[in-house]
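Two complexes, one shared chain (chain A), two partners (chain B, chain C).
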Partner chain A sequence: MTSVQNPPSDAVAPRGGLRNLWVWSARHPAIFPFALIVLTCVVIGTINPDFWQLANLFDILRASVVRGLFALGVLVVLASGGLDVSFTAIAAFVMYTLTLFVVNAAPWLGMAPILVIAAVAGALLGSVNGLLVNVLRAPALIVTIGTQYAFRGFLLTFIGTALFMNIPASMDAFGRLTLVKVISDQGLAVELPAYFLVLVAAALVTWWMLNRTLIGRAIYAVGGKPDVAARLGYRVERVRVFVFAYAGLLAGLAGVLHVTANRLANPFDLAGTELAVIAAVVLGGARITGGSGTVLGTMLGVILITLVSSVLILVGIPSSWQTAILGGFILIAGLFFAQLDRIVES
Partner chain B sequence: MRSGKTDGQLVFLIGINALVVIAAMILVGDRFMALYNFQSMGTQVPELGLLAFGVMLAMISGNGGIDLSGIALANLSGVAAILLAPSLVSPDAAPLGYFLTFSAIALSVGMLGGALNGALIGYAGMTPIIATLGTQLLFTGVAVGLTGGSAQQLGYVPLIDDFGNMPIWGVPRTFALFILIALALAALLKFTRFGIHLFLMGSNPTAARFAGIRVKSILFRTYLLASLLASVAGIIIAARTSSVKWDYGSSYVLVAILITVMAGVRPEGGYGRVICVVLSATALQILSSLFNFMQISNFFRDCAWGLLLLLFLANARVHWGTYLPPVLRRTDRARS
Partner chain C sequence: MLDTQQTIPAEGPFLETRDLHKHFGGVHALKGVSLRIERAKFYHLLGENGCGKSTLIKIISGAQPESSGQLLINGRDRTGLDPIAALDAGIETVYQDLSLLPNLSVAENVGLSEQLVEGNGRLFRRLDLSRVAETAKRALEVVGLPTDRAFLNRQVETLPIAIRQLVAIARAVASEAGLVIMDEPTTSLTKREVANLIAVVRRLQTQGAAVLFVTHKLDEAREIGGTGLVMRDGELVQECDVTNASNAEIGFWMTGRELKQGRYRTVPMTSPAPLLEAKGLGRSGAYDGVDLSVGKGEILGITGLADSGRNELALTLAGLAPADRGSVTLEGRALDLSAPFAAIAAGIAYVPEDRLTEGLFLEKPISENITMAILDRLRSRLGLINHNLARKAAQTTLEDLHIVAPDVDAPVQSLSGGNQQRVLIGRWLATEPKLLVLHGPTVGVDVGSKDTIFRIIQAQADAGMGVLIVSDDLPELLQNCDRIAVLRDGRIHRIFDAEGLTEDTLYTAMAGHGIDDGTTATQTDSEG
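On to the complex of A and B.
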């Protein structure tokens, strides 16, 4: 890799193919998580053939829903040049407060209005982030670390710390809805829950927004070169509020889905999962410096992270080493993409 | 301009310290002012202060510099030392040798971790946020993997316990060490070529590169130093609590950033003072201790720290001078 770093101008011919490969993969960053997924699957599948089961696939897809919604939010914020670490706090806040409210005040509420309320509440909390980043003109990471602790501390001090299992009937029923049901060889029923569709819908909407709308173009422009974007007439501050509100919206939805999937509301849940989500988005090829990132890459990154955290045990790696492997993945992805940028720029 | 602004920040921080102490005297009374309480606070400041120094150094270096891996590396240093040291030196037979071995292992782990951070950011050109986020997970993960997630007990070694908890001439030893490190760091930043180049680089990286400053090497050494300070914090934590665990101080990433922002260190780089970080750490510790006396829950403390961080970010953006009456305003403008 180091030899390609500064190719002498007259020796391009033998290295042309390799260089073209680098340039091509820089344009299609989703290839990186895809290659790692294939590699992981092949290695695990060779060591332990039990891996090749539909049940495992469904487990991974199901476990990807909440993380995937978070990751789409982080992707949009990263594309605009920011960073958000408060989304888990927003999700915990919305899920606990809303579940508490529905159980005590409106047990008749259906799933659709619950999702709408969660989205609106999440978007409101998210837009607080965006406004603060604008007003304080400080790095988004530092601002959202502040709001993360403020939201979480407020939730645990003033709203409650007790987990409760008697979640509203509509949420419980929604969690049990099945999309696909297959009877496996051993006679066990393998199910893919219907709430997986929420992630699919969110991914499609995010893709459409980023690639087919003016706001999507504005997000990439602001993330790439904020000064130039401002001179072109993009309203940088509004775009920033929008991306944080969008991330908050998805976090609100993710929080409610987390409750329906686990059938309990625990205000301590979700905290500390931020880094795995950011890892997934970075693995998917989004640069922390803004202006890049794709929905496909992000979704593959999420699947990779879920794969690594759920199947390592199948090949005999103790689960206590998961975090270290996750850290290694972030570093490898970061190094890979930093190297790519250098090669493509040179 | 620089000295004028620092004076303001210094006066402001001294004022905050005084304000919190006065509030504590009114709200808690004599119990708070007891020497024992101040000694107990003194043993808790060093670990936070050292981590905040690391964040400060990273921030000064500019270009979005930040070190999120500090507490993770501190814990990993302690874990590695506690696992390795007993097999090399017996704590009962040679307590001093044991403590020195323990410290040497912890500092070596700090060096290794710092070299990794520095190489990733300085030489491989990774963004500091991503690099230190990754190493934070890596360090935490290795600490979990090595211990299986359980806390490791140091056992009672009188020498180490004294170092961590007992005052000497009324001053906790770790606090004295902290002040010595602060003085050394201040001298390093003020008088050496490394320090001067670090500030120049933070204020204007492009100009620094064209001026012939070796940006990569300076970045490498900055993050190496930050990690070394973190491993010293790891030794102090182990000595104070007689145990190490991978998730000790889970909110320290926030608190270290809060201390540096409160100290007026600019997140965009090029400015920061050691004395301000020390005063900011003491103010926060006194406030935290006051919360303890008033039996305020830890959850509310987290909430308060988050709000304080936002408040001090806002404070850096408001030009209070414009709200002053004209007579006072002139002196203010003369100073800034």
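On to the complex of A and C.
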């Protein structure tokens, strides 16, 4: 290819090294949470060298599972241009109702069918969101605020409010299953639970779906410009139902894993954690306006949030500080991505 | 419906419509359109805004169903097709907004549709990424765009508009379309980019595709050649050879009335009383050292290429992009242009280029749009808006500017483009400004509305208002202005007297070379 036939070459190649860096980070937004993770680790590790232990890493990974599943769902919905805040209500609904059902009616049920039922129930509740957004032609945020209250209200009114700790045997056993077990310097056993694999699998499947299937591209297309996508033949309404159902599916799984990990079912759990999850996805580089976001960035965003909100305690930083640090990170993220857009567009 | 499923060999017309009708509620938008589109031919769909052009296009591309009538593709009855079926049948539409997905890559924008159409719109399928890339490469090659990985992976929103236009055409190429519909493809392109586009379109033709342009630009239609299809009031009133039909003829078919040719500015202004004086005006990265003057009753044109600083200069006078250096006076008094309200208070009215996003409140009634800038004058002593007064003021504007609307309460979006533009101009005339700044006053407006708008502008100037037209529509400037200032690279290159000036001279001053230079080459020059 001759240079004459390569007309927009200066449109393709940005000018200057710094600009190059900005453009590169615009294409790889995961670099942002990654940099913050490294920064946070280095700072904590310098203050308290005890931080550098496998136990802390396992803690972070374990604590990331439920939030990570939520975040993958939020990512998919955000990428399609929607917003979902009902996932915690779906998770609470599924986990409590299902645990109650299994304990009372089918205590013999194995973990695999429980996970399948949780996924299906979550997907059904999620698709209610999608259908409502389509039928009401209302903003997804408003619809999911509504369904969040509706799901939670139904759960607390008709199903129950009592916390119970006699969870089904299969769930209890699954929660105790370990993937890796290491004896630390202090002689303590450090474990990475097997249910961490559910998050890994969900992340891989989500990545594959977003990048290697037509529905994945359709999700980004609809998130970029829904009217154009419709004109090009993408079935916008189907995409909407799908993303909310997918987010519901992951929320259902997350709910069951939450019970499994904590060995108790509390219908009041998980409420109020929505914003932290959405923040994790946004820290990972997804735009709140839709059409972007990556699985890698989202996972790093989740790890960053978990790092700040759970591990800081281990090194003796007061919990009031965690909130402030988290707020600071989110503000920096907002600034960073806005600046990125300006520089890349100019 | 007698000839359903009849198969006709490939030598028949590619597309045929028979007695197409479309009703929107009580509006009869298409009144029996029958036309034939032959393979590898060029067509130009001409007509005023609101004549039914867009409706026809939407039916052909499957975006809207027809009310009655027949649509045949390759001799087969395809009445009632949806977007996927239209694509499958080989009809590609490049809408004015290009219909690109801004957040997806070039390769995806060009190459995804193929697999979507194959699956008949089914989404739960694996995506063949290497095929996306291959299809994209082949198509990009045809339109003369790069095919390297960096370009394939580039997000479309980061590309300059002319390149995006070519990407949109590449998508049409990729689908091996039998008919490519282009809705006002050149509105935002420079002359050189237009020449490149035409070269690409000719290549499409040699591949056997028919191309249907929807356009207001008769000069470009002539340059391309082919059949002109003129519509008026939902009917196809005339087919002609565009190259041989004169502007006057086409204008007459479109509007049903004789349109003025030549200059609207009949009594040129000589040594007018000074109104606006700008001295040494400069804004970093946009323009510098600009000296300008507009007299009372004078019409000054400002033009230049897209990056010449003309747009920024217009925004400065509107108070939207303050200058860093220099001074501006209006009637001898220093002018504060730090914010739009200051400019408005000083007596400057600015009619923006993009009426849809920068000017009008589309869902609001006409009356509110017109009185938006004069609410101060319409309020009672208690500070409440007098709605009767507002409606009356709006009614007057409607009549003065010949705006065709059911009544002043109709939402602005129900009007045609030309009428919308007049509502916007009417809003600012209602403020009784001393200086009217018009930024691209007739972008996307048909000849009939153009005529009306030009007459309005002339009438205002005759009444003593200073008028500044910032535009890249050279005929518009030549027809209306007393003087035309050409900006090049952010500086005033020359100021011409418009009387007797030719388009060639003006263009050469703008670009630094003649119109024909470099237009035979197929490459684009990017501005990004």
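As a working rule, the second predicted complex is superposed on the first by the 328 of 346 C-alpha atoms of A that agree within 3 Å, B and C clash if a C-alpha of one lies under 4 Å from a C-alpha of the other, contacts with A are read in each partner's own complex, and residues count from 1 in each chain.
One rule holds for everything that comes next: a contact is a pair of C-beta atoms (placed from the backbone, for glycine too) under 8 Å apart; a residue touches a chain by one contact, two chains touch by 3 or more.
This one's a predicted model, so the numbers in the text were calculated from it and none came from an experiment.
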> Touch check for A:V116: first (chain B), second (chain C), both, or neither?
Replying inline: neither
> Looking at the overlay, does A:Y234 come into contact with chain B only (first), chain C only (second), both, or neither?
Replying inline: second
>> If we overlay the two complexes on their shared chain A, which of chain B and chain C does A:A221 touch? Say first, second, both or neither.
In response: second
> Once the shared chain is lined up, is A:V42 touching chain B (first), chain C (second), both, or neither of them?
Replying inline: neither
>> Counting contacts the way the document defines them, which residues of chain A are shared by the two interfaces, the one with chain B and the one with chain C?
In response: none
>> With touch defined as at the start, can you tell me which chain B residues reach chain A in the complex?
In response: 64, 66, 120, 124-127, 129-131, 133-142, 144-145, 148-149, 250-251, 253-254, 257, 261, 267-268, 297, 299-307, 309-310, 313-314, 316-317
> What residues of chain A sit close enough to touch chain C in their complex?
Replying inline: 1, 4-13, 27, 212-218, 220-221, 223-225, 228-235, 238-239, 242, 291-292, 344-345
> Tell me, which parts of chain C touch chain A in their complex?
Replying inline: 63, 82-84, 87, 93, 95, 97, 99-104, 108, 112-113, 115-117, 119, 121-127, 129, 144-148, 150-151, 154-155, 157-160, 163, 523-526, 528
> For chain A, which residues are in contact with chain B within the complex?
Replying inline: 83, 132, 135-139, 141-143, 145-154, 156-157, 161, 272, 275, 278-279, 282, 287-289, 318, 320-328, 330-331, 334-335, 338-339, 342
